[in-house]
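In what comes next, chain A is part of two complexes: it sits with chain B in the first one and with chain C in the second one.
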Partner chain A sequence: MNRTLQGLVMAAAMAAASLAVAQPIKIFGLVELSGTGAVSGTNFNDGVKLAVKEINASGGILGRQVDYQASDTQSQAPIAKALAQKAVDQGAYVVMGPVFSGSILVSMPETRKAEVTNFTGGEAASITQQGNPYIFRTSFTQAAAMPKVARYLHDTVKAKSVAIIFVNNDFGKGGSDAMVKALEPYGIKVAANISTDPGQVDFSSAVVKAKQSNADALFVYSNEEESARCLRELKKQGYDKPIVGETTLTSQKVIELAGDAANGAIAHVGLSADAPQPEVQKFSAAFQKEYHYKGDHNSLKGYSAMYFVKVMTERIGKVDTKALAAALHGATMTVKDNPGVLLDVSFDQNGDLDRVSYMTKVVDGKQAIIATLPAAHTK
Partner chain B sequence: MAEFLQLVVSGIATGAIYAVAALGFTLMWQAAGVINFAQGEFVMLPAFGMLMCIGVGMPLWLAFLVTCVAAALVLGYAFKRGIADPLIHHGVIPLVIATLGVSIAAKSFVRSGYSAMAQQFPSPFPEGVFHVAGVTVSFADAGTLVIAGAIVLSLQAFLNRTVTGRAMQAVAQNTESARVLGIDVSRMVLYVFVINALLACVAALLITPIYLAKFDMGETIGTKAFFAAIIGGFNQTRGALLGGVLIGVMENVVGYYLSPAYKEGVALVLFLLVILFRPEGILGRREERKV
Partner chain C sequence: MSPAARNIALAIAILALATSAFFLQRSQVYLLSLCCVYVMATMGLNLTMGYAGQMSLGQAAFFGIGAYIDAILTTKLGVSFWVVIPIAAVACFFVGLALGFPALRVQHHYLAFATLGFNVLVYLVMRNEEALTGGTFGISNVPRPYLFTWSLDSERAYFWFTLAALVIVAILMRLLLRSPWGRAFAALRDNPIRAESLGINITAYTLLAFAIGAAYGGVGGVFYAGLVQYVEPSTFYFTTSLMMLLAVILGGSGRFFGPVIGTVIVILLPEVLRSSSSPALQFMQKWYLVAFGVALVVLMVWLPGGLLSIGDRRARKAAA
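== the complex of A and B ==
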């Protein structure tokens, strides 16, 4: 009887263990699949999905498959918050997104409360200044990126004054503030600081204002669709001063939407689908094949973030979201050991990341890398 | 002064496009008593129709012509026979609700096929600018003005100087009397639906290079066109032109001299002022209806 009982217990334990092994790892995406952030969110989401597909095809994470479920925040912060709550309730190991700074600022208290690791595509400096140990970026913070743009405006463009056109949301306001601060040490005057609305379609008055300011250069900081419309209006009104941006202005989607109007635009980007690194090129080809459009920096963000999860989970040897967050602080991942991370990357104690970045220029409808800037910690 | 003129020129060009879409509102109301809240989507659908044609290798002009034919059939004939005709006898409200349904369905349909991301749309005009009295004018703005102006004027001439146009106006003013006079009311109403579909195609051709092709692009254009029609006078085709241009110019002026943040509210404020102080619209005439 005892032996029978022991056998049954053992069989049950083995069944439970195998069930646990077979249990997929739940990762939830909170992404902008509609609304003003549709371009950013769709790219980010497709990047994550491509990485998940590859990871699952190669055996998953610690032998477990990844179950990725994406939900549409409709580019609205309250919906993002509700979806974050839902993701947490459904046992998320990691939450991916949202991409919009305004949305992540509202949704991340939910993942923080539940101690769930949360990657975001948001760039507003304030995201990682709140002492949240569970938030991690997939791109540079504005506080790190804007000084690079300011230096370019000073050293290369030789600008004495700059007009700024920014989108009036957390991303745009944060970027504008960071830019104004970054220009100060160089003595560059802000000739006009022009706010525009998210989803704005007509940029004629903003461009007239920028032209009227007579600044030596224009800094455009908006989301993809708005950046494209702004570039079209600038071309329509014959704007002939240097147009400089950060991250979005020279992204693949903006180039596609703006057409010839994008030619000549210059931007600092943390990630570029046209970067010369073989891993990035391989990713770009795979992304194009899978989704029939060219990925942009947001697809790189989503893709690499998913690999950050894989690499670090395998490093800690268990599927434990709290341990994952702890391990990510101060972690370094190299392409040599983990090609999926695309570029050597390291995280600091705030969840900000550091890696190489690029100055890019749109030439003949393509993003060309004009300079590779080293990672901050290597300087 | 130069910047003010720049704002006015640019605003007139944008406003002229609003006017073309607003014309559809006024025509439909005048001739058929229909308020089409899917008017914005009637602009969005031809935009994607043209994109599809371009996608299979057609040049823009051919894509436009093919889309015009398809729009006349689907957004004109089929819309009238399938939705307007069965519901018109039940009053305005059921038809308004039906057009709202059409609007949602059209957006979902396009979104499922083209995703929620914006798509590039080629401009029918050559690139480049020229300068007049210190104002930079693009060929796109000039071309838009010429086309929109020509459409409004020729439509006005058609309605006032041709037998068919007068018959359509007669139907608009008094359907029963028009029928007694031997006018084929159903045919006249069909003409209005077809003209509306064609106007939507022209508006799509002109506005999509600026707005970019997106499933929800009709929301903005539909709202602006509706306000333009009310501001100018819902029962006057000339009113649509005035309303559209007024909104386009005021948006630019407010965006420049106050703040771009107030820009999107301009049409609403003008609309409220007109409703409060001149409900028939700036060029509209008072109408009495039996209830």
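== the complex of A and C ==
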């Protein structure tokens, strides 16, 4: 009798095991599909979906198909928490999102408790400062981008002092604070820290102040339209020192709006759907074709994150979320071997991500790459 | 139904609800707790609006004040949850008084705008006073309380705890409504002039109803912070006040169980709609918010007095 029972249990276990191999890999998206975060969340979600489609078409991960299920957090933190519990209880291999920093701060304790790898689009510094070994970013934060700009100002521009013009909202203030901190170790003085308002039209006094500060270079950090207005005013007043920015300053929108005045502007560019890399451009075209709108940096985040999962899972050779998280710490993925990651990337022990990025310059009304910046940890 | 039979039925229903936690998934239990928490706040709003007739669009502000008091006191100063509850209730009571004193000089939609302004103000304080409130990123890792030595960390334990607390505050509300104060509230809602001629101090009683409603919001907020373990300003924006108002009106404003029914529908119906797994309802996963909206419109047109007015409607039809 006992033997029969043992045999039955064995058979059942084997059946279950073979079933497990055939079963698709479950990945859950907790994304903002309605409410205030709908634009970011939809972009992120569509990015993941595009990657899943490509991965499944090319045979899946370790021969298993990916089953991606997205649920709407309604941009509400309490709902995000419930959905995270649901994802964990339904056996998620990886959880993607949420994108909103507020929501991820609520949902990540759930994935942490369950030891499930969780990628987020959130950029708040505190996300990766809690010692959570299961949380990973999909883009670098201002705190990671600014040291690269500072290094460029020190090594290439050889500036001893810098004037800063920034827009006083959470984006601009956060960036300006990070920049001031990043300049410190290089001994570069902040000659003037000039605050401007969101939507400001007249930049004449800001530019006058920047000129009077007599700094060796100017750092401009604002939204697209304001950046363009600032560039026009700089040209009008004949500013002749290097003008450096981050991501926005040399974006296509700014170049269009500022016209000739944009020529000569230099900026550090991390993740951007306009980036000139062939992989990114291929992604942008595929995204446009699939969803009939132009993806933004959040779609790049979702898309590349899904490929991080594929690459790392194949590297560890098994579908084990705990091992995946462990392997991601300190991992490096290159575009050469894995085109889907779009840009070379590496993760540190906190789950913060580091990528090679680019210094770009506007030449004849076009963004051109003038230098490739190594990731921050490779000094 | 006789009052005794009704009480027994109610007790059985509460017990059944508590037992259901054994059979539900963790996330479902969590959503039930979320309902309980919001019911505390909407119950307070029902007192202000349904019983005392004062339209308020600021209940989320009191809810938020309670939540932030809990988050700040427990994470930064290590104060016990049990001490926080009375602190939040009293604080919201007095903030309610302070707001009500000038605001209650106006009525109806003017009062609604005044309270809405207050809600936006509270939101801005939460967002901008970074040193105290953590700004846009809020305060995370708010601890859950202990009941003696029993940790309420699991969803099930916290649900029972919240449900028990809800039953207690509901009984207190019932007692209040049966007291002379409660009768005075209803009197000044139905006819303020007659109420005044009967010797009811209108200003004092309106203020009192408003402040007690605010205190209920604050207590709900404390339990919210413990449940979600995180507070951020956007949860307490005036859209949440609108949601609470919707819950009260939908269930039946001025009826004791109105906010309970309304809140359950507002919180749970979207989740039920989207998690329906039958193939016929698959499309709901994408359209659940639309279906929810349509359901609300239909309900309000059919039963303007709220769901609980369905009995009256039937009685009226039978009489006609």
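The working rule: the second predicted complex is superposed on the first by the 214 of 379 C-alpha atoms of A that agree within 3 Å, B and C clash if a C-alpha of one lies under 4 Å from a C-alpha of the other, contacts with A are read in each partner's own complex, and residues count from 1 in each chain.
Operating definition for what follows: contacts are C-beta pairs under 8 Å (C-beta built on N, C-alpha and C of every residue); 3 or more make two chains touch, one makes a residue touch a chain.
Predicted model only: the values in this text are computed from it and were never measured.
K.L.:
Is A:V162 contacted by the first partner chain B, the second partner chain C, both or neither?
P.N.:
In the superposed model, A:V162 contacts neither chain B nor chain C.
K.L.:
On chain A, which partner's contacts cover more residues, chain B's or chain C's?
P.N.:
Of chain B and chain C, the partner in contact with more residues of chain A is B.
K.L.:
Looking at the overlay, does A:S205 come into contact with chain B only (first), chain C only (second), both, or neither?
P.N.:
First partner only.
K.L.:
After superposition on the shared chain, which partner residues are touched by A:I188: those of chain B (first), chain C (second), both, or neither?
P.N.:
Once the two structures are laid over each other on A, A:I188 reaches no partner at all.
K.L.:
Just to be sure I read the superposition right, which of the two partners does A:Q85 touch: chain B = first, chain C = second, or both, or neither?
P.N.:
A:Q85: touches chain C, not chain B.
K.L.:
Once chain A of both complexes is superposed, is A:D197 in touch with chain B (first), chain C (second), both, or neither?
P.N.:
In the superposition, A:D197 touches chain B alone.
K.L.:
Kindly classify A:R229 by the partners it touches after superposition: chain B alone (first), chain C alone (second), both, or neither?
P.N.:
first
K.L.:
Scan A:L105 for contacts with chain B and chain C and give back first, second, both or neither.
P.N.:
second
K.L.:
Scan A:S71 for contacts with chain B and chain C and give back first, second, both or neither.
P.N.:
In the superposition, A:S71 touches chain C alone.
K.L.:
Could you say whether A:V39 touches chain B, chain C, both of them, or neither, answering first, second, both or neither?
P.N.:
first
K.L.:
Where on chain A do the contacts with chain B and the contacts with chain C coincide?
P.N.:
Correct list for chain A: 34.
K.L.:
What part of chain B is in contact with chain A in the complex they form?
P.N.:
Listed in rising order, the residues are 3, 6-7, 10-11, 14, 111, 115-120, 122, 127, 129, 136, 138, 140-141, 209-212, 214, 216, 220, 251-256, 259-261, 263-264.
K.L.:
So in the complex, which bits of chain C are touching chain A?
P.N.:
25-27, 30-31, 34, 136-138, 140-141, 155, 224, 227-230, 232, 234-235, 270-271, 274, 289
K.L.:
Under the definition above, what is the set of chain A residues touching chain C in their complex?
P.N.:
Listed in rising order, the residues of chain A that touch chain C are 34, 36, 71-72, 74-78, 81-83, 85-86, 89, 101-102, 105-106, 109, 124, 126, 130, 170.
K.L.:
Considering the complex alone, what residue numbers of chain A touch chain B?
P.N.:
33-35, 38-39, 42, 168, 194-197, 200-202, 204-206, 208-209, 211-212, 224-225, 228-229, 232, 235-238, 253, 256-260
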